[in-house]
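Right, one structure below, let's go through it.
The chains carry the letters A, B, C and D, assigned in the order they are written, with residues numbered from 1 in each.
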Amino acid sequence: MAITYLDAIREAQARALEEDENVYIYGQDVANFGGAFKATKGLSDRFPDRVIDAPISEDAIIGSAIGAAIEGMRPIVEMQFADFSSIGFNQIINQAATHFWRTGVPCPITIRLPSGGTEGSGPFHSQSMESIYAHYPGLIVMTPATVEDAYGMLLEAIRIDDPVIFCEHKLLYYHLKAEELPKVILPVGKARIARAGRHATVVACSAMVHEALRAARELAEDGWEIEVVDLRSAKPIDTDTILASVARTGRLLAVAESFPWGGLTSEIVSRVASEGFHLLDAPPQRLNSKDTPIPYHPNLWRVHRPTWQSIASATRNLIQL
Amino acid sequence: MAITYLDAIREAQARALEEDENVYIYGQDVANFGGAFKATKGLSDRFPDRVIDAPISEDAIIGSAIGAAIEGMRPIVEMQFADFSSIGFNQIINQAATHFWRTGVPCPITIRLPSGGTEGSGPFHSQSMESIYAHYPGLIVMTPATVEDAYGMLLEAIRIDDPVIFCEHKLLYYHLKAEELPKVILPVGKARIARAGRHATVVACSAMVHEALRAARELAEDGWEIEVVDLRSAKPIDTDTILASVARTGRLLAVAESFPWGGLTSEIVSRVASEGFHLLDAPPQRLNSKDTPIPYHPNLWRVHRPTWQSIASATRNLIQL
Amino acid sequence: MRTDGPAAGRDRFVAAFQWMLLARTFEDKIAALYRAGKIVGGVYLGRGQEAFSAALGMQLSQENGDVFAGLIRDQAGRMAFGEPILDSARTYLGSVEGPMRGRDGNIHRGRPLRGMPAMISHLGAMVSVVNGMLVAKRFRGRTDVVGGAAIGDGGTSTGAFHEGLNQAAVEKLPLVIAVADNQFAYSTPTSHQYACEDLSDRAAGYGIRGYRIDGTDLETCLETFAEAIERARRGEGPQMVVGKLLRLAGHGEHDDARYIPDELKAKPHGGDCLLLAREQLLTKSWMSEDQLAALTAETQDKVEEAVARAQSEPDPNPFRESWHALATKHLAEGTPAAD
Amino acid sequence: MRTDGPAAGRDRFVAAFQWMLLARTFEDKIAALYRAGKIVGGVYLGRGQEAFSAALGMQLSQENGDVFAGLIRDQAGRMAFGEPILDSARTYLGSVEGPMRGRDGNIHRGRPLRGMPAMISHLGAMVSVVNGMLVAKRFRGRTDVVGGAAIGDGGTSTGAFHEGLNQAAVEKLPLVIAVADNQFAYSTPTSHQYACEDLSDRAAGYGIRGYRIDGTDLETCLETFAEAIERARRGEGPQMVVGKLLRLAGHGEHDDARYIPDELKAKPHGGDCLLLAREQLLTKSWMSEDQLAALTAETQDKVEEAVARAQSEPDPNPFRESWHALATKHLAEGTPAAD
């Protein structure tokens, strides 16, 4: 039986609800309806009191989850789309993120953000916000790229005593499949070598890992061995694993779907440049979406975000630098 | 007669109100009271209909300014503190920033953010948010460091057809003085060499320019000539001027008051690493605030943010790398 | 502006019915295209809300400079206000000739300079934008310009809605807020959305006039919005019209709305406003069966023509795109080097 | 829980008066320290609001697990609820022994695990946090726990306030929201804040019970909050108490509040609740002038002692700080290399 990335997210929540009675789910249409993407389907049948529909009030949804977390609950908040977390932004960055530091009382909430672009979703249903949240002290930002990580990291997110922004990629929901749920998973905070190589390192997370892997396969046909690092979490960043990879390859391309100014790729490039300068045989490079809102039309959208083609071409350039 | 940074901001608004009847000011306590920092003091006497007190509704304040801007007005919005723009975040990044790109109709609003830390202001009255806003396509982010720029850039911000996030530093309000208002100013988008040097380049903006200059004076006593680049705007970044400086010095330290993950300094370091790799004689470095909320107590606050002392010490390290 | 007399009443009713029919016909067509896989992204229908929406849109005056900010179920109101059918068709079909040029799609469209702001998805966010447009008009001496803004029962739970409505009340702006309480927000019934008896109970809390009407009855909708618009235009400040009705479709066309119990359709406010209006036309002999048949055919043709034209137009070409988001071109940053 | 009978009434009144006096005395001291340059950052006083604030704080029960979320003018309510005076003194003075350890200051303090969430500055944001605390209690079978949350007239204009109150109503939470309408938000009079007659007009729109009282009259405050708390505890859902009063200080101690016209102080709701309560104590012979003098002296001593102690305590030491914001230490990133 194949398990999708979405199934994994649902199963992780089911298991968390089962194992810990402090866990509950709160969000728009998450109960009977099972959520806009069906990530909570069936859960309200099994846990009728702990899967709760919310009004369209992102600020209050997150605020109340924070209040419950302070009291020791472990709320999972589903935003209908990552893009709508902009309404809960203040509660996330000023209330949740600062709470432990200010008061010494942990605030263990998990905020699930259905993230990233898909065809025809347009500027307000396609955003990748990991770079925004990772900027703020006090938050952990997870960006799983695999079914295994969707499952294992979500479980871990719920168990962690800090607020976790859990960025799930909508493009992976249905298409990414695994044979079974993982027994053990890599600890949070560790990156994963998704493909070993020696000519260049491509660092990516979430859906971009798969674009990078495809680009790597493409380049392998020409004999180039590209190492792909799956970052797994945007904060913390596993700088050691990245540096170790760059030490092997001498070349770095950082790829992310979010906007180009100041996000994940700049953080990675600048860490490597600062801390691994002498490992580099060529200028480190980055690839992001274009610096415009995310277009609705597939023709535009496909060019707006990085794809295996643009990653392959950037990697070819990099190898020749 | 000495003119402060705050005076310059007030005078720029007065002049804009005078020159263009489409200009108006909207914000909490901006009318009779003249604003929490007195940046609009006296303006409502001169322009009674065009300086308007708002309810405590940051989302609606910015939303309505956007609506008026669409109709051709040129609203200046004062947030009482930059930190409270988190409530207007959605309108800024999703409505204002996307408007021209989506509809072809410009949205010329200026949002003034009293920014940055001061003694005893704590986690919610001290934030520097330039990195958050600069991440989003469609926004211009200005970070003036001088009285001249506070004046000239604000005038320019109001005239520009795009939404401008205008980050004024509260620490500069009263203490920074000039003899007169500038006649001409450098165009927006151009950085300024605040001090010439040849041993290292320190790039900074806003209040950090002054810390960097003081660090440079300190190092000058040991014979080190530090070039200080005043960025002026966080978006666009004048990469050319930075690269030209690094070409002269071979060494880069990027300094900003905002949080360390993924902000202005990582953007600068990564641009230089990507585009000016071969100009670098040493690993490019960065200095930010610490990765915690901004502390209330002066003892903690002084260590939390970069200061001339920490810049001097980072620069010394850099020179020896 | 209401002209009284029976003929005026009939003309208004018939005109509104025509917009309702056009909207319904257009949306049926779009839904069919969606099922055929010809539409990328979501499709959201105003089925059941045409009377409420058209009654507002139609009685505002685009020529006068009025504003109409429709949301996802305001096909009827948008058309009645003056949005060309081609704008709708082109946006749904992603034509580069449309007002959004393929950059944005489906209901995310508008022509802000013609009183039609282009909604962002975040519910509640358009209210204050309309306020601002009215503020701008007032700065230019126009206080007789009315802004209509749509919201759903779910949208009333947003902070943006509250801030916007309160702002309009404080500034005494000529805003008519049309709350289409269609009993659901996506799958969520109103019992999870609010705890007051009727959303019009909120009007007093803002110090504004509230109306509570059957949103499926076209005549009531027309009368109420006529009054609300007139009062707003006269300087009486914001008006809040709450129409009770039922969403006669899924949230979007991907949603079979299984969660809406059939009983609701039989209850008051559960009916189909288009059928009700059609019946009234016949009962009052304002239109005959034949006239209705002719109108239906004519409307169908209009829709087919617009859709066919939009379908024949070019898609956006990514290599022709400027890929800059700024009006001030010289300040736009280049795309990153590796790109 | 109210025990009736004249003695109970007297005891309650006297107890509340004591908290009011303590708060006023403490704040006078802090204001003096501020003027002497001994306090870093802002100082915000509850002068004129002590009756309204204490009446809520005192009648909630910390032992029962109740919650009190005070804002910037709730020194009295915080103390009456059970916040140790040392917590206040230490936070204002930045002592490392205080609950915020110098990381946060002045009114930004709390002990969340003892029912006292630590406010963030963003107005309105604490309402939903209190909701969540009540939700947690309910998950654990406690429906008899009440949460009190303070807000000002200005704070009611925030979207967060609206979302929070509506959420509480939908979830029928035992929330008592205390709206201190002190006629100003910083310099902004209520005419620029809302357009309804009284903010209690909003209650119906949330489907909750509203109360509209003279917030300067201690007895009224005590009675009203007693009823509101009792109803909330009984499961009747959120209660909204709006108290009319006047801010008898600047917004903060940096503000001379020149914009508040003197006439307002003479108008109803413009009086000083502490003086009024004092008069009533004397009129009813519940306390004598001598007793009052003794109480005042005793209160002064308490304040001096707490302040002296806090002043003698160490400031935070940056080299002892962990400089990490996470509870999960091993996931905290190091500070950047150059640092």
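Here is the rule we use: a contact is a pair of C-beta atoms (placed from the backbone, for glycine too) under 8 Å apart; a residue touches a chain by one contact, two chains touch by 3 or more.
In this text, all values refer to a predicted model and were calculated from it rather than measured experimentally.
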{"item": "Chains touching both subunit A and subunit D", "value": "B, C"}
{"item": "Chain separated most widely from subunit B, comparing mean CA positions", "value": "C"}
{"item": "Euclidean distance of C-alpha centroids - subunit A vs subunit B, Å", "value": "30"}
{"item": "Intercentroid distance (Cα basis), subunit C paired with subunit B, Å", "value": "40"}
{"item": "Mean-CA-position distance for subunit C and subunit A (Å)", "value": "36"}
{"item": "Subunit A residues counted as touching two or more neighbouring chains", "value": "54-55, 57, 59-60, 83, 86-87, 90, 94, 97-98, 101-102, 123-124, 137-138, 235, 261, 274-275, 285-286, 290-293"}
{"item": "Touching two or more other chains - residues of subunit C", "value": "100, 103-104, 108, 120-122, 124, 157-160, 163, 166, 170, 192-194, 325, 332-333, 336-338"}
{"item": "Pairwise touch network: line, ring, star, complete, or other", "value": "complete"}
{"item": "Touch list for subunit C against partner subunit B, complex", "value": "99-101, 103-104, 108, 110-113, 117-118, 120-122, 125-137, 139, 159-160, 163-164, 166-167, 170, 325-328, 330-333, 336-338"}
{"item": "Of all residues in subunit A, those that touch subunit B in their complex", "value": "83, 86-87, 89-90, 93-94, 97-98, 101-102, 123-124, 131-132, 134-138, 235, 258-259, 261-267, 269-275, 277-278, 280, 282-286, 290-293"}
{"item": "Contact footprint of subunit C on subunit A as seen in their complex", "value": "28-29, 32-33, 36, 53-57, 59-60, 83-84, 86-87, 119-125, 253, 260-261, 285-288, 290-293, 295-300, 302-304, 310, 314, 317-318"}
{"item": "Touch list for subunit C against partner subunit A, complex", "value": "39-42, 94, 100, 102-106, 108, 120-124, 154-155, 157-160, 185-188, 192-194, 259, 315-318, 321, 323-325, 332-333, 335-339"}
{"item": "In the complex with subunit C, residue positions of subunit D that touch it", "value": "124, 157-163, 166, 169-170, 172, 191-197, 199, 201-208, 237"}
